[in-house]
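The same chain A turns up in both complexes below, where it pairs with chain B and then with chain C.
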Partner chain A sequence: MALGFAVGVFGVLILFHAAYSTIQYRGLLKITEEEFSGPPMNVVAELLLGLVFCIWAALTVPGKFLSIQPYSEENRIVSLPANSDFMIFNHRGKVFPLEMDVKLKH
Partner chain B sequence: MDSIPTFNAEHLQSNMKTVYYSRTFLSIIGGVIAGIMGFTSLTGFIFYFLIMAITSVGLLAKAGFTVHSYFDSWNRVLLDGFLGGLMLCCCCDASAWGLEIDLIFLYQFL
Partner chain C sequence: MVSKTEETQLSNLETQVDNGGGGAWEYLSLVRKLKVRRSDRVLKHGLSILNDPKKRSSLGPDEWTLYEQVAVAAMDCQSLDVAKDCIKVLQKKFPESKRVGRLEGMLLEAKGAWTEAEKAYSSLLEDNPLDQVIHKRRVAMAKAQGNVSVAIEWLNKYLEIFMADHDSWRELAEIYVSLQMYKQAAFCYEELILSQPMVPLYHLAYADVLYTLGGLENLQNAKKYYASTIDLTGGKNTRALFGICLCSSAIGQIAKGRNKDDKESPELQSLAATALEREYKQKASDKLSLLTAALKGLKVSS
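This part shows the complex of A and B:
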């Protein structure tokens, strides 16, 4: 999570650097009175790199997708209450067969 | 009687928020890049749609291509936040241009 954030900040810094380079390039073009048709190739490469970093950060930082199916493993409703003083076990449930693969939700 | 499919609404909302954050951030970044590259009207829109397509593919990959375990329909993950992000992209494109022009003027006066 922190790594994704750092990568995102780094990507944005690369974009700012590319913007500054483009501004200087445009200043140079103004001096030589040529038209601005696009930034130079190394700036384009820098922009692509910054874009890749930002895409990776945008997909990693906001968090995982949580399952919405009510019967999936991580959405189990059953959990032990924290206060087990009022739980009794001496009831008729002991005649049911044991389910050995039921997992507890933490 | 058929049972209505139920969902864990809190998780669905959290997933929608995640998608919204991703799209918003990438719209802003896309706008800044379009401003730097000097893309004008049609090219800029095409660039924005390209960025959104890449985002959609990235989000699908993040969901492991099993949309139904995280969202209730395809449209949510593919199209939600598309047009709001377009506005952000145009704003940031305009500000990237404005920033450049201002900095060029300042640079000339220094």
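This part shows the complex of A and C:
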């Protein structure tokens, strides 16, 4: 978690650095009066690295993935809840009361 | 809805609590969340928490929920004194509460004082005519007294107003099944499948009803719904696998007389039979011979 967060921050920093480098590069091009055809190779590499770090952080930091398959262990419904709103009390518990001598104390 | 992981968690907690390993409050919370009926255990462990002032006060506002839970469990176990004491405590804390009034009505029900309970519920309904739980309690009361037809009538009236209440549809379906009114039960299960299409148990129950109704068309539909149950459970529902085998065999018998040769998907039944055999081999290998004999009798195994 903490590692993922750190990597995410690092990735964002790298992206910012890439942006800064691009601006600086364009400023340099303006001075030398050349056409801007694309960012230099090291900036592209930086961008890709930052992208990978950010994706990795975004996938790990928010939490674990939950299964969406209906037959996975977390989703497979094995029994319905007791319909407790329709609970009725005249069942065999009436004839065989629970042997309990505990009382509610106040 | 209780999923497989939750079921395992519940049974683990249950053994832990029963053997005195602590975690009673977690267990009671889980029971409440999953809405399972474990009244004896809830009564025992709930009382042990409630009788311990330190544990009780550490719950904070959840204390009152626990009082309610224990009261209902006590009624279910016919420990009416405990239920009465719990309700008294709740009434002191929340005078004029509808929820406590409902508990009192349920206590009257548990005592068997039907007319008084009815009176209590109707006075509560006067204040709030759309209280769903009280309507349901009246249906349950009619059922408890044995007036199943009255219960059906009220439940139908209730469902006309609250059509999205699937618990009530399920209750109605179960009542119809108990009366062997399968056509009506099938309608209720259709409603349930429409409202919650991803619950395999409704598909399974619908298929059971259709299979019981019989007839070629119903059997074919039952087979489809058993297949959809298998689809939703990943083949881990033994009843659905058996259902496929039984349906195929019954369809085979009907179709034999009519010598139609539109035999549909013979793979399905043999696959179901294989899956059953595999499961038995894994979990109950001593009963495998019984299974193979039964499947041979149904003429589904290859």
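In this text, the second predicted complex is superposed on the first by the 65 of 106 C-alpha atoms of A that agree within 3 Å, B and C clash if a C-alpha of one lies under 4 Å from a C-alpha of the other, contacts with A are read in each partner's own complex, and residues count from 1 in each chain.
Methods note: a residue touches a chain if its C-beta (ideal position, glycine included) is under 8 Å from a C-beta of that chain, and two chains touch if they have at least 3 such contacts.
Note that the structure is predicted; figures quoted are calculated from it, not measured.
Of the two partner chains, chain B is the only one touched by A:39; chain C is not. Once chain A of one complex is fitted onto chain A of the other, the partner contacts of A:68 are limited to chain B, with no touch recorded for chain C. With both structures placed on the common chain, the touch criterion links A:86 to chain C but leaves chain B unconnected. In the superposition on chain A, contact of A:97 is made with chain C only, not with chain B.
Once the two complexes are overlaid on the shared chain, A:15 sits against chain B while remaining clear of chain C.
Comparing the two interfaces of chain A, the one with chain B and the one with chain C have residues 69-70, 72, 75 in common.
On the side of chain A, the complex with chain B involves touching residues 8, 11-12, 15, 18-19, 22-23, 26-27, 30, 36-39, 43-44, 47, 50-51, 54-55, 57-59, 61-70, 72, 75. On the side of chain B, the complex with chain A involves touching residues 6-9, 11-12, 14-15, 17-18, 21-22, 25-26, 29, 32-33, 36-38, 54-55, 58-59, 61-63, 68-72, 96, 99-100, 103-104, 107-108. Chain C meets chain A in the complex at residues 1-5, 7, 34-37, 39-40, 43-44, 47-48, 50-51, 72, 75-79, 81-82, 85-86, 89, 106, 109-110, 112, 132-133, 136-137, 139-141, 143-144, 167-168, 170-171, 174, 198-201, 232-236. Touching chain C in their complex are the following residues of chain A: 69-90, 93-94, 97-98, 100, 102-106.
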